[in-house]
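As structure tokens, here come the structures.
Two complexes follow with chain A in common, the first pairing it with chain B and the second with chain C.
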Partner chain A sequence: MSKNKTATDKPGKTGKWTRRAFIGAGVVAGSALVVGVAVRQGNPIDRLSPLLTNGENEQLLNAWVKVDTDNIVTAVIPHVEMGQGVYTALAQMLADEMDADWNKVRILEAPADMQYVSDSIARDFLAPDLDVPAIFEPTVTGGILELAQAMGLQFTGGSYSVRATGQRAMRTAGAAAREMLVAAAASEWQVPAGEITTADSMILHAGSGKSEPFSKFALAAAEQSLPAKPMLKSPENYTIMGQPKARHDIPEKVDGSAVFGIDAQVPGMKYAAVRATPVVGATIESMDASTAKTMPGVLQILNMGDFVAVVADGYWQAQQALNSIDTKYSKSEGDSLDQDALFARYATHLDEAGDDGGDMETETGDVGKGFADAATKVEAEYKVPFLAHATMEPMNCTAWVRDGKCDVWSGHQAPVNARQAAADAAGLPFEDVTYHNAYLGGGFGRRSESDAIIMATRIAKATGYPVKMIWSREEDTAQDHYRPSATSRFRGGLDKDGKAVSWDNIHTHLFDPKDAPTVPYYNIASHKIRKVDVPTQLRFGPWRSVDHSQHGFFIESFVDEMAHAAGKDGYAFRRELLAGSPRHLKVLDTAAKMSGWGSALPEKHGRGIAFVPSFGSIVAQVAEVDMSGAKPKVKKVYVAADPGFVINPDGFTAQMESAIAYGLTAALYGEITLKDGKVQQSNFHDYPMLRINEMPEVEVALINGDHKHLGGGGEPGLPPIAPAVTNAIFAATGKRIRELPLSKHSIA
Partner chain B sequence: MIKLNVNGQSREVDVDPATPILWVVRENLEMPGTKFGCGIAQCGACTVHLDGKPIRSCSTPISAAEGKSITTIEGIASEDGTLHKVQQAWIEAQVPQCGYCQSGQIMSATALLQKNPQPTDAQIDAAMAGNVCRCGMYNRIRQAIKAAAAIEQPAAQETVA
Partner chain C sequence: MTTVRTFACLTVFLLAGCSADAAPGPVEQIIVREPGAAPVATAASAATNNDPASALIAEGKAAFANCAACHTVEKGAANGVGPNLFGIVGRAAGAVTGFAYSDALKSSGITWTAANLDSYIADPAAKIPGTTMVAGAIADSAKREAVIAYLESATAN
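Right after this comes the complex of A and B.
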């Protein structure tokens, strides 16, 4: 018996599709060797789509499960792994509904291949009721990402994977597969399906004592029609969901064998170092490469207009040669962009908007009257800087353009989009590009951009041989797509009892998610939230938790200021605002209780609380800060989080720890500044990272508040940390921090 | 030709002696487990052992390794494949997220335990502060080092030339 070769057999290794393997899988589906179950060509899965749509336009079943002859269940995961544990969590959801033996579950990342979503298998697999070929028309570049996002396919971000793909597709696919296996066994054994049970990848009939593995009925199951309404489990019957299963990708991440984009190996490959124009929009006017040409190993020096590339036998040789090249740049509109001027520009736009200008985002009640009548008025302005992502793995991509074909290797959050970008850069049709995705050495939103893919493909097109392009850390820092800087102004009103009655906010910039500046969960009679758009030349990109990273700080700082003005403590004040929302209150109360809120602390210590629902999850944090030293020391963070239902408690907890470290790094140090249009930071010495000696203890309490509506895990832990810390600093010192990072301030 | 001992094996490479160990290991010796992070010894992703001591291979020329032994992440498990106790503890504590910094973290941790089998928190901080983990798994790293310190395992024979 031959086994499916697309998945590696060694436990703990994650399979990767290749073009050949994918086609092979299509052929073998339905054969006696490996049987596709649940979703395969010809199956009437449109009957399933009503289960998946919730009345929205997302009729899809984006999961695929296979059972092979060794009774191995393989889950196909249409998302990329960047440390968030998505392979494991999504497989847990599928395996639980299927009653699969967790120890015999393998994982396969969905192919980063348009074939997959445009051929007949994929049409059924993805969206039977959509006119897939037209929508997926590869030349329609702009629509690709949008569609991929809408379908939950091959875009990983927005804390989306578990709550959308997992909840709507993986569970249904697993449940459907189980019912098909049961139906096949019932037919063979001539017993009612209702008497058959399943557990640990076995099919059992208690009455007759019969018991067989899934694999025995895999072929017969594949001939069953898909159940119209596969029965999903209720939480009391979960056996794998809710369990802290070990992550599948960890073993290969402790022995150096995990393959990241930067580890791509292509025979005959050369190496490129690059330097882009330091000001966005400028071009290279002239360059002197006379020294570089003579340096060992140098093969080609390319003036690509917007960047210089040196291609050499080795990366270090390429970088050394690049360092010797003197480059002159054209004047650019961005040359005048300076840090102070930028914030002054924000202020001008906000001033011009006045009381009623700007774009209205939400309005409830009469804020003007509410504020005019308020017994106490509170006003404040907050600022946050640009931030780089600083993924540990610098941007890189390997590309090979030859004979009308292009191969690209990288780690990308949206493989379909990466492939399209490479096709455009190579000047080739989409179908002539093969994209090979690898592990991402950090994503955080940075790897949803395709700039590195495009550069590498252009270099490879110019050379004709395979080239691995690696950005130096300096390029990575100075050529990011940054978390935008922003200014936000608030006016709040309190009545004579210190109750919040009006909330008036205007801020610069709005990207995503649109609800980030809003506070519908806070019971305040009148709200008015507006934005002004202020153009800058700097490139923006999503940065872990996106706009919540700014607005979490703005909103929770201002709530704290209102509490102080009301003469109330931050926890009690928020309790009042959340009155009538028991699920929210439970999260807030849990964090406060864990922290011993209200109990005595040593001198110069303070506690701060912050509460931010985002990406469908509710998170409260209490930070305990020691201000007795030269700089703030965050000693401990207490976290209460309710994502509806936690699929993998250890994985979710790890995401909370991670988000706190990422957000705390930004709060303490993160700042990208501009002078004459150039980013002034270059490496970890001037764009510092949190280190082990600065990491607070983190204690996490998880709450399963609504198992029918899942929230995300990768991002929601981030927004509360900065305001929890600055609110704690206020409690300890009386000094209110209205601008990040903390390193700008002399506080202690 | 520069003569090297890498993970107990004799190797020869024909490179500029100024080439950092990192790039020789990754490109010439085709062992990509050691990672490039910053190029200026600020992040620790490139940590390997030179005669048992942790060094930043991005900023150490290969000439400095001549006649000495280099140990990389690929060389710390036993020959029979049994993982080093630090690797085992790393899995047990579910340390890695993206995993990119972990080769360097593990090489720093194994060097620490080799020198100091029962480190205090302050000693862990001192030994590990040079290794950045952007996913922020520092508490798990600390927990795993302590767990590894409690495991009895014959020290793998790290070659010292």
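Right after this comes the complex of A and C.
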């Protein structure tokens, strides 16, 4: 589509493209209006425009929006869709600020290009404590963007999309585009811009009765200067934000036309099945492929050092041949590691750290004195296992390396990283790699890793023809980057009135976010929170809600134990701790009220409450559990959530529900164990998922507590579910669960 | 004929590193067969229908399963990733309304004769550089012939 580009389109001496140069380039280029205009100075629109537009009849107004002659507004979304509804929510934010007609809004995923790296994520990576208010100004430029580009981030995760990209980029882009359209109309109509209104992708002037569609002024708008600080709407003027707009990606997922990474089709493509060394860090010493060589469809058998690959005409042929290959592995220091030894190792490190060792994460007041003076002392230790991601679509990647170029097809949470990983694996410059992203059949953090991209690229480089590598479910389960297992120990002190006065916690590992183990919202006079790093050879990776998934369980279990020791109800005890925070209290109170907290329940039923703020959103959950059967039955979950402002109530509610499905799966069953350094689980029979008959009814209340500071939606629904359930089990049976998953325990 | 290439030594693996060096290639590479070379002794299933024309169409219909990921062929059926193909044989390129063709295809001036279809399906990007049809090429000329026969028959019905 970039065929109209000519060699005359050169940047100026500064290396920056000027806006005039972009327009000129388009005219020079001839036949069609290829040109769009960058709002940001220096935005290399000549590269973006061909990637995003069909060349004619379309205007790229800025890096996030284009308008075509049919008055279709297209939102360019710099995030990936993995079922979380981000395309729709972000398009709503842009369209509302632009006053676009929602029925004429289309969505396009941004290419894996440096222009779409996420500035907000880079900021959190690079300077989490930096207080630079200017970054939050709704301007289109930002120095942090430069840093983000340097880091090559275009990442979907951390529940960032709406709260960061949406709030700072999509809304600003929509508002800027609207102001530029209005300015263009004002100029042509010779009326003051202030008299012009916009609605449903139309520009209106009441005084003269003039009205025209956006498309009429798209080209002229592109000539207008960039509004330095576009005016954003306040919530009472929102027309699309806050509405349960239908998801854009649902129809094609229902009719089966949606294309996921695993659906990639490339002419001449062959298939690869792979098997990596079962112990991470080992290498392949020998491989006996004598049978595989004779099997149907087999093209190549590759010993890649750290994995074996069979390339064949079909996937099944490749996998069958792979299964016949006998492989011997080198000794590795991880060979002796098993589950018990690993937790014993955690215990040793925690013991060694004692009362004052380890790395201090946060300290307030004098915990030692608080504990010594406490009228009641509570101590507890909790454990959680490794968890796999078990995405519905197994890991896969299609790659083609030839003639100094590389094309890669996959679904990845960080397309720019994937492109860079492929470039490194192929030994080619970034520019010579084209990365084609598709829908992700589940991400949960797993698809932020590039291991599959690298493997496929290495295979394709060896074969020279395109290869689609698909991991078997067994490989997917045994070669994950796992949610870390962890042990956490607490000591808490209560005064004579049963009020919490000291909180001492030490736990293994800390990955991200750094605030996961902390409880600043709970009013406790002294806190001390420390970590110890314990080596394990398993690869850690982010898992939905990352460290909040462990610490939500640890913290909210211990708060419940303190409440019990204080002779108080779990809800009443938390109310006391949140006394100074009305916004937090409202969330807690809402969940409790919805659940009928305190009302009678049938015999062997219990209610449990848990409260976890994470990723900028505040969530409380009450679980109702029936313990009369052979295993716990979670009947109902009441959720109250305050993400600041809910952009799409339907989408946000779905995220709460799916987080409960995912978190409850882990709480009930999720456990990856090690023996002789190898992962013992392989497929859904030994790594089960929640079944539909086990899914509780979920009721969600949404609270818009602060429209200026949005929280995330993808992850915050997860951390409270495990402790809400285990606290309910305690209420029903008196048995305290201190180790997950529940399937380890006989509690009925 | 099986080829075995053995590579010098196992060194440290570079996983997604900052290095510009390529990740390690194979330690051992057994090439059993090149793509496109005939597989050893696998009997192709013969068409059961005695009428060669309808056998060809049946074969084409089966082969079209791959194409159906992007294309419909029924009259009036919706465009997918690719345009509806009802009546494609003999028609001008880029003629389906409502489908966003590439400029390259739209301005190609091609009429979809069987011969043009054949060379296009063999290698779309070679026939029309700039086409957005990046998938679905059929290397096997017999299969192409069958698919084109099927497309023609689907229009006639």
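Assume the second predicted complex is superposed on the first by the 645 of 748 C-alpha atoms of A that agree within 3 Å, B and C clash if a C-alpha of one lies under 4 Å from a C-alpha of the other, contacts with A are read in each partner's own complex, and residues count from 1 in each chain.
Criterion: contacts are C-beta pairs under 8 Å (C-beta built on N, C-alpha and C of every residue); 3 or more make two chains touch, one makes a residue touch a chain.
Computed from a prediction, not measured in an experiment: that's the story for all the values here.
Looking at chain A, does chain B or chain C touch a larger number of its residues?
Of chain B and chain C, B contacts more residues of chain A.
Scan A:475 for contacts with chain B and chain C and give back first, second, both or neither.
Touch partners of A:475: none, neither chain B nor chain C.
Using the superposition on chain A described above, determine whether A:658 touches chain B (first), chain C (second), both, or neither.
A:658 sits against chain B, while chain C stays out of touch.
Based on the superposed arrangement, let me know which partner A:556 touches: chain B (first), chain C (second), both, or neither?
It touches nothing on chain B or chain C.
Which holds for A:283: it touches chain B only (first), chain C only (second), both, or neither?
second
Identify the partner contact of A:82: answer first if only chain B is touched, second if only chain C is, both if each is, neither if none is.
first
Tell me which partner A:254 touches in the superposition: chain B (first), chain C (second), both or neither.
Only chain B is touched by A:254; chain C is not.
In the superposed arrangement, does A:293 touch chain B (first), chain C (second), both or neither?
The second partner, chain C, only.
State whether A:263 touches chain B only (first), chain C only (second), both chains, or neither.
both
Mind working out whether A:695 is in touch with chain B, chain C, both or neither, as first, second, both or neither?
Touch partner of A:695: chain B, not chain C.
Do chain B and chain C touch any of the same residues on chain A, and if so, which?
Correct list for chain A: 257, 259, 263, 265, 296.
Tell me, which parts of chain C touch chain A in their complex?
Counting only chain C, the residues touching chain A are 2, 10, 13-17, 19-35, 39, 42, 66, 69, 80-81, 100, 102-104, 123-124, 129-130, 134-137, 139.
Help me check something: in the complex, which residues belonging to chain A touch chain B?
Result: residues 82-85, 246-247, 249-260, 262-263, 265, 271, 296, 314-317, 319, 390-394, 439-444, 470, 472-473, 650-651, 654, 657-662, 664-665, 683-685, 689-693, 695, 697-698 of chain A touch chain B.
For the complex, which residues does chain A have touching chain C?
1, 3, 32, 54-56, 257, 259, 263-268, 270, 283-284, 287, 289, 293, 296-306, 313, 420-421, 424-428, 450-451, 454, 457-458, 461-462, 465
Can you list the residues on chain B that touch chain A in the complex?
For this pair, the touching residues of chain B are 15-16, 19-20, 23, 27-28, 30-40, 42-43, 45, 72-74, 77, 83, 87, 90-91, 94-103, 106, 124-125, 128-129, 131-142.
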